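Dropping the structures in below, format is structure tokens.
One chain, chain A, links the two complexes that follow: it is found with chain B in the first and with chain C in the second.
And now, the complex of A and B:
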């Protein structure tokens, strides 16, 4: 994966949070981790990438961020099922928006959503993950991308 | 009054659309979380306006559009998807959709896009 491809994901994060009640989101410098568990919060929505690219894109967030995010779009149901739904929808939106630059060969799956550590692994050795720290309000989330 | 059906695998998005549409113009007849359920609901309830996600399990949005239009070519379909590239938008329009907005969207974006497809 080329580092310049990361820019489109950074733009997607800013665009996503611009549509919430608090558009000020801080996106940190990406860094490399070996495994998803190294950059993972309470809930994770993971998208499998296929086509011209292979890999994963995931959004991982603490429960409190998801509750606040759900409330910020006017929804009052902050049950666990809704938090799982929300983390999957954010992952879907951030990865789907990346097609603007990566093209139609960047094919995304429906989200795999988990509480705790995702069971899906990135394929093959040497496929490290770019972890992009996100701070929205006082909460810290993570966008992970591994493409090859 | 237009009969509206919402199709999206995210409950959060389904409820968001259900809260944001113009209730003076649309009556919500039901929601579906995948393309296969949308076909069943369409046959039972005959909506004339549909909001359609694209990336869904079981039957994706592009195939679902094709099936809905084959059943009733006058159906007005607004695609609401995170897939932000022109080729998928063109494919959806070629299958019979009449509009396309990308996620994330505002309530004003949704109202304007729905108005545009019913005025078309």
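And now, the complex of A and C:
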């Protein structure tokens, strides 16, 4: 795992929230988990990565964060589909920036949006996930990255 | 040219024959027309002979009448003369061949009649006409005289009567013969026309046959050519459908040709490539740098001054990365391009490009590299494990796993501000330093170096005013590496049969490890040290306690050599032996208490420097410096990171060594005491109570879930 690759994903998230009503985001110290369920919130947008590196990158947020995010852009509909759309938008940003920044050795899939735990799993021993806590307002979301 | 002639020889020969026949027929036609005209004229002249014979007879009859009626004879004499003369001329022309008056005016040439029948008619006619014409001529000569004497009159009368008599007797025969001559000429003309018609018909038929042969040959040739073309087309299509390369032609303007292999569509995951512009097409799938590379190279291929072989050697497109949309998914591929010029008479007409998808090769290559790396890592790990203390490894792995868990938990614990992140970093530093010592003791440099890297990162991090979570990214990556190393060690150890099940006994291995540690540190610090140790052969000690005692021992040895023992030059100046002495000893008293001591004959502890460092770090107030005791300073050293070294290295300089020592001693409930004299040496004595193992286990558990 390279630090610059982690930073590409992290800065995507920071940039995304920089365009919201509250641009400040607090990033927690990254730690390691073995499975996605250990660092997963209510809604998750996940992209698969293949090519020179294989793995996943996901943004997982609690419903309350997404609800606030939706309201902050003037939307009143905070239904489940809207929240899925919201988390998907963040995952799209991750995917877009990753394609732009990481170069041609990375194949980035379209985002896979789920409520609850994503069905996709990281496989193989030693493929730990870098869980990076993201705090927006008082809500705690999670950026998960596993590349090997 | 000769090849082309050879291929079409039959057709060309037939065409020549055809043209010859056509020309022959035309020539014959022309000749026949001419002959017909001549024959027709002969028929007309023969017909005119009939008329002239009658006119001669009539004129003679009129002359006879007018002679007796004394009328003017001149008109009849002239008419008789003209008619007989023309008859005679024409008869001679028929008989001998020659000119006569044409029926259309002017002269007409008659060929001599040669056939038997013709000659017979003419012979009879000449026999009758010859004497008659002579008499007529004599008569006309006499009649034309202006005045005739009576005798002449009588002679003329006699001639007229004689001629009239001859005419009456023979003119009908002459008319009949002229009629036969006319019929004969007509027969000749008809026969000639029939022959001509027959020849023309045969010529036309031959021409038509020739034309049919030409059509047949041309059609056959075309059919063969079509079959060949079809076969070639089919073969080309099969080749294009089955070849595992993308093939296409490019012109100077980068336009792709209409013929392309099927593979090309698969490679680019796109149909309808024919006629597309290469520049426009690939600009969407390659980077701008690679695009420029492709265009520049293709332009060079069209430059006749550049040698193709050289260009092929310099081909920069042997491994071109592209990204294409395949069924909605963005896919990365690696392509290998190769180009060949298509020349015609030395002129470059285009470039044949062949493209291969080498993604699998690259993937295999990468996998091979990865596999090689993995194997190298495993070999390296085996080498590390072989040189490490096999008995201590399982325990080290277990304890380091716990340490890594603790570090991960520290990362995970929330921090609200920069100072909390700094505390987090300090906590990690202590744990990492202990692991560094232990790994170093076991000879696991791969781990001790990573620990050292973490310490360096933390040092750099602490220099920042504002620390955030993202500053820990590199630390988490290094922690991941440490965990991976442990996993690899476990994997290699489990692969070595029976290794992991080897009994954990305490033997002289620990002593050897300590000696090795002392030797390594002395070498790194460029110091000469006589190291002696003893008392570590205690098989009854619990593994956790043993590990902690060894950690303490390694910190003490590292500290004594790095900080205590002076360099040989300094020792020499001080009047000491060039070789320093470090004695490490573990004793167990009858009460069960363990005494770990480490004594060196180095510089001793410089409490003044410690005081200044402590004051600088705000651990003691400036006004208390003089009042603080050496015992209090020792406690400060054990609780905090104090170092009088200006630079850190792999063995010392961060003040973490004594901090780790203090931390472990606390866990064990041990008491640390220090005897030192500046310039003479120092001796650390650690008293570990009998209940230490239980206490240690309990405290570790608490620490893990704190």
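Just so we're on the same page, the second predicted complex is superposed on the first by the 143 of 148 C-alpha atoms of A that agree within 3 Å, B and C clash if a C-alpha of one lies under 4 Å from a C-alpha of the other, contacts with A are read in each partner's own complex, and residues count from 1 in each chain.
Keep this in mind: a contact is a pair of C-beta atoms (placed from the backbone, for glycine too) under 8 Å apart; a residue touches a chain by one contact, two chains touch by 3 or more.
Keep in mind the model is a prediction, meaning the values are calculated, not measured.
With both structures placed on the common chain, the touch criterion links A:3 to chain C but leaves chain B unconnected. When both complexes are overlaid on chain A, the residue A:31 reaches chain C alone and has no touch with chain B. Within the superposed three-chain model, A:99 lies in touch with chain B and with chain C [touch as defined at top].
In the superposed pair of complexes, A:110 makes contact with chain B and with chain C alike.
In the superposition on chain A, the residues of chain A touched by chain B in one structure and by chain C in the other are 99, 104, 108-110.
Considering their complex, residues 1-3, 6-7, 10, 26-32, 51-52, 99, 104-110, 125-126, 128, 130, 132-133 of chain A touch chain C. Every residue of chain A that touches chain B in the complex is listed here, in rising order: 15-16, 18-19, 70, 73-75, 77, 81-82, 85-86, 88-89, 92-100, 103-104, 108-110. Here chain C touches chain A in the complex through residues 287, 321-323, 328-332, 366, 408-409, 411-412, 414-415, 421, 424, 468-470, 472-477, 479-480, 483-484, 487, going by the rule given at the top. Only residues 9-13, 15-16, 19, 55-57, 81-85, 87-88, 102-106 of chain B touch chain A when the two sit together in their complex.
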